[in-house]
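Right, I'll just put the structure down here and ask away after.
Here the chain labels run A, B, C and D in written order, and each chain numbers its own residues starting at 1.
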């Protein structure tokens, strides 16, 4: 094990490099009998796909997914689901120039020091293109969670650089290239991105993700908390530097009398805790927010060193997202889905015989 | 497995409840030959101990630790290290009143719904008293990391409610009950806590933790990232609602030209990435920041429901920390130590034969 | 993780050494609501206890177990169950003589080479006394499996050295110090052991274990097979050198037409497969057989080397079982119980919604 | 996780079905810098390949393997190694007849009861064709173990039905279709198999596997024993019903004075323990023996039931190995290689700083 699997019972294993022949994954632990086709995965992959607007990388990938096992006559069999996404538009020569230098903010340096050398083509294993595997695995989890428990998982871009993007309505999210939930702001976001691209720079972003209809009781004390596993899953997404659950960092300045969510026979009166108390889901929406750093590969020249340790200057001219956060929404949804599904299975393993004593009067 | 273990190679297993006979833990995977006595654990446990100032819970516990295995003639043998901390001052009658009601912001409700019933005495397994196990396990990790790699792990309280506490010098941290690194602010913090206690309310906090001298190369791509495991470890601490690595949420509004840490032959010029790139340590300090919510158990009356789902009012009169963040510094240090030690072992398992190609000119 | 835990969902962690202060364990993953007291553990521990007849070690241990967590008002809470068994009769001076020599057939040499040194008192961590933890953990599993699924797990001594002990009736097993299922042979076994003890030698044994009423469907393809996990569990017991499921090694000379268990609407007609096909339980009894080597610590002088690598002679005079297989029956039962419980939980995690299509007409 | 991965640090994940598009695997944890090409895997796969003699299944598969990731410029990068073996000669119509009946001795029944339905084409996930993944993963482990520690792993067929096949010399093993180490017996084995095939029946087998040059110190107490992990790995191979280490079941009738391997300054004088003491390697050859049951799919008519539970008769006419044990030698070698490599990595994670105190005088 060297970090390429996650999940205890809904376990995802990933392989592939940016300029290798293919990415692929194995989902182990999916319950049998779920109706599943490659279309179910493709739909989510298409939301994450590069080249869909001028604001993201212009690499042309169909991201067509092939399911290789675990599905028979349209239903999951309960055995391992293997799938493959071939790389189609890998232009490794673009990277010859940077193979011998370390890009600031990139994993070039750390991979080299850890492994002794690195696959420099397109970032190799460190490329965010690996998230195709997460999105495919998340699509299966999303489907099962929805069919079995009516869980709905959705996200949106909440900040693009300095611009805050308020939430208006879910139905806008898939209608613009930014996953913004307020359509009025889209022209401004486009202008902002055009300026950034022109300047050869990049910016950070915030993505919010929610899971609704999660039953109370998922998650485990003490280290296996639902929120701890969510934090790991989100922090494992390329470029993420911060994770919040519920009130998050705002909880620092809250009083206990303000933060603690009061209850009535009809349910909770607020959701500062983000749907998790003591590491276990409350039945309220699970709310997560993440910070993504600006893309490291920019055209603006920067100081660095070369493979021999000598001073150098670098400017990255390959095809890159000027804001990796833009395409992060479906990825964050996928990771949340995988964690929730893992805990759904873990919960019923241990507590299948428990009848929850309380039901809110709705 | 139901969440009470963490770590792949440096694996900590925890048990115990607030008003049960004892807390205990098992550390599996510690290298043999480390000089170790119960005093090494006690020193760290004493930093976390309740009752050391009027600003924390008045529960009187000596937190005396007994090592039961894995140490022979003063050195670790390489086998499992079991240890025990007996509970001494458990006054369960204090909790009779709340056994039949759910405290807002507390795990009472979720444990009941998950397991069908709960040990209500002092929060049972959900009590933050469980962190004695973490601190004991972290003490071993801290010692080994320091002796083997000169790693130094330290933390401090950076915000108490609305008060920001700037970092001045490490030597102040253990000289005041707040783990504040700027002594001039201590009188103000005392006044703030006195007012809060009088009001029967509680407040949140921010804790910063750093690890220095971590070699480049620890951490694993893709899901097994060092920062992902740190995020999980921190989010698993009671009351934590947010985690940042390096620039954290500030990265949202940074430009790529500002965020990406430039390099020279002497090293990095900044540390926005918090010592982790692509999930792997860079050799710079690993910097982590966490948000802790205000204590849920407060004296101010709050709306809730009782065990039958009927409306009720609750005010918690037991002994509680008015700010759980105050005692969180040694706990966060311990969790960071455990994660780093786990990754130190994981790294040398896979990469023991790698000579890092680059060395900065110091 | 250094080998001191086992089980994915019913996870047992063990610590302790033969002459340390105590053995202890943590059971993580037990479903909530199971009625449990220390008596439930003690009953099984007493079956394994040393000193109960002249044919086993004369070390005097009450093996009294204390439950430290995870049980509240007589029922499991779903959180980690910690327990402790204090060592009472550790005479370390007995071992001074052997501390500087390696006993043939013992782990003295391998522990020293692995860890650089060893706790030589009574075999340290390698002592079979560690099996108290297994038996305690198995007692919980046995109870839950029986209450939830009516599973019955029983074993007996099938061979003692060259003497085969045929199975007659379960009710005899707990009525003699050998766990023999045919009472007529007991006087002969006693004579055999007396002669062996007099000669200062030891002998091997075979133990058979069965689990009845295991539902069809437990176990996982391809590596997570029920029989693979049973094989590991049994081979992890001190002194075990071989494991068989069903026909075992006899299957080598069977024809396919003889081995494959035919089926009728009433069920299987034979059980050569030992209740497992394709790694998954069939609904028939799970039958396991294990070979235990003769005790390594004997009075007969043997050639060995000392700590400096020089030739030496050794004879072991401490208190030892002349046949470790005699006390192995409750241990093997415990290990089978733990594995079955783990797979019961794993099965319902993934397949809780499956209704098995077929039912035999009974 | 549903059983399709194994290994803690050298972790193999497997997917694929007999008549699906492909088998594939992911090896996670391989150290970086190992020279590796698909030829290294192909060589071992060709030893296991079907259709190479008239004594094994006549299914025609090239078993051509494609490495999809983890190798860059001919060397492993340290990231996940994904590989694929396409199925070419899947004739699913052969199986239409048996889709509605349960073959005695086969996993048909248990998969159906566990998952609610099954992929009946060629045995689906339960087919021994899955072992391509093991052999490919084992090839990488074999290569690394040999280059890093000079470990040599070899096996041979020791019994074919009632015929014992003594070991003569390793160089014969790859020169006959049986992996027999005594060439004189080959004509008799051929006759035996011809008769069996004519009779439409099948037989069992014994395979012996050895690992030489394994350093002392690999393996972990108490549950993570090297022999326990070997037992699980072997028992997870299709058709295996028994596993022995060293003297195995013969240890039952040995005396302690006979079994315990004496030591001199030059090393051990015998190897009854099979290279493992206390779960840790001794430095002697690790010796393993396994029993494989006769193939379940035979032409002789047998009693069974159909999908509705009604009485039926079945005779299997597809292409099958009349003795699965014949092709098991490379598979058993592969599994032993994977377990040893896992423990090599685990050992150096924890004990990299230990200098073994003793060296034999050779």
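Keep this in mind: contacts are C-beta pairs under 8 Å (C-beta built on N, C-alpha and C of every residue); 3 or more make two chains touch, one makes a residue touch a chain.
Since the model is a prediction, treat every value here as computed from it, not as a measurement.
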Chain at maximum distance from subunit B, centres defined as averaged CA atoms
D
Which of the two pairs, B-C or A-B, is linked by more C-beta contacts?
A-B
Using Cα averages as centroids, what's the distance between subunit B and subunit C in whole Å?
38
Subunit A and subunit C, separation of their C-alpha mean positions in angstrom:
45
Distance from the CA centroid of subunit A to that of subunit B, rounded to the nearest Å?
26
Can you list the residues of subunit A that touch 2 or more other chains?
1-5, 8-9, 14, 29-30, 32-33, 78-79, 114-117, 125, 221, 346, 350-351, 354
Using the touch rule from the top, collect the residues of subunit C that touch subunit A in their complex.
8-9, 29-33, 78-79, 148, 221, 345-346, 348-354
For the complex, which residues does subunit D have touching subunit C?
1-6, 8, 12, 14, 102-107, 109-117, 125-126, 130, 159, 161-162, 201-206, 216-225, 227-236, 238, 241-265, 269, 272-274, 276-283, 291-298, 300, 302-305, 307, 309-311, 346-347, 350-351, 354-361
Across the complex, what residues on subunit B touch subunit C?
1-5, 7-9, 11, 13-17, 20-24, 26, 28-30, 32-33, 66, 68-70, 72, 75, 77-82, 84, 114-119, 124-125
